[in-house]
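Handing you a structure now.
Which chain is which? They are A, B, C and D, in the order written, and residues in each are numbered from 1.
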Amino acid sequence: MMDDQNRAQIILRLKSTAGHIQGIVRMLEEDRYCIDIIKQIQAAQAALSRTSEAILETHLHTCVTTAIRGDDSDERERVLSEISEVFRHTNKSL
Amino acid sequence: MMDDQNRAQIILRLKSTAGHIQGIVRMLEEDRYCIDIIKQIQAAQAALSRTSEAILETHLHTCVTTAIRGDDSDERERVLSEISEVFRHTNKSL
Amino acid sequence: MMDDQNRAQIILRLKSTAGHIQGIVRMLEEDRYCIDIIKQIQAAQAALSRTSEAILETHLHTCVTTAIRGDDSDERERVLSEISEVFRHTNKSL
Amino acid sequence: MMDDQNRAQIILRLKSTAGHIQGIVRMLEEDRYCIDIIKQIQAAQAALSRTSEAILETHLHTCVTTAIRGDDSDERERVLSEISEVFRHTNKSL
């Protein structure tokens, strides 16, 4: 449902985050200061947040819009409850 | 857009959270242990998260569904970008 | 363990947040737009976060410092495990 | 400051998370459903949270305890303000 350019950008971001985490492994191997390592982990988490936001934005404009404009009320309900669940998980009250 | 029963429940929850916070004020006045106070603040935040989730769920089934099924493409774009923004804020990468 | 001025400020902040939540109740009673209500709830949560941070900072400089400089190793362990638990809860992986 | 066994475990966890993210890249390449991808990103973030918690716990029992029991008041202040900053960042009110 994602166009190719969008998908390519998201893949690049995720590969960059995986590389970032490999860099954090090296910080541990070099016995770097704990707080500096924790800050890098928090930066990797923030990058993942931005990636999931980009995916959600695409999803809202494609699958969700198609389903809600469609005639299948079960399908409409399904996409809306998925959005609620993603929000609940992010809100961490799940 | 919210039906009366739903609104009444959400109002009750918020009043209960405001009362909870008044209780935390009393804990401070009684010089209670800091960690116990922090835990109560975290519980009040979790209650607010559940309240905003309930409001978002209603919003998705009313305004968002109406707008996306409607013919005004600006309005569709507006409701979707609001959902993205709420998610970004919750995700705290804003 | 908190000095009076510090405690007075934290109490003021919490009372202000309780008042903010009463204002959100009025927004619901006036049938205001869901997204505007959610944003106000998120603002109240952020205010509570700043309050718990102020309390934790005081706690670190008083009880935690006293315990760690003291001779009771169980007490040292207790205050450290409380800090870990508060962090875990905030990190929401509890 | 971290003992070798502890460091080895944390390195294993981080390598596992980097592998997890490579798996998410494959999900994108295979055009898998957006919501399933977002859930895997959230799982990777939760794994990173657990890793930073383990590092913080070690840090509290080593560097922080040593500094607070020491005679250098600047150093004591420094480690405490780092803990406050990490908590503030996690709490996302920075």
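What we mean here is this: contacts are C-beta pairs under 8 Å (C-beta built on N, C-alpha and C of every residue); 3 or more make two chains touch, one makes a residue touch a chain.
None of the values given here were measured: they were computed from a predicted structure.
Note on chain placement: the centre of subunit A and the centre of subunit C lie 28 Å apart, centres being C-alpha means.
Centre-to-centre separation between subunit A and subunit B, using Cα means, comes to 22 Å. Subunit A and subunit D have Cα centroids separated by 18 Å.
Chain contacts: subunit C has residues 49, 52, 56, 86, 90, 92 touching two or more partner chains. Taken pairwise by the contact criterion, the protein chains form one closed cycle in which every chain touches exactly two others. Here the touching chains pair up as A-B, A-D, B-C, C-D. Put simply, subunit C touches subunit B in their complex at residues 1-2, 7, 10-11, 14-15, 17-18, 21-22, 24-25, 28-29, 31, 33-35, 37-39, 41-42, 44-45, 48-49, 51-52, 55-56, 58-59, 62-63, 82, 86, 89-90. Contact residues of subunit B toward subunit A in the complex are 46, 49-50, 52-53, 56-57, 60-61, 64-65, 68-69, 76, 80, 83-84, 86-88, 90-93.
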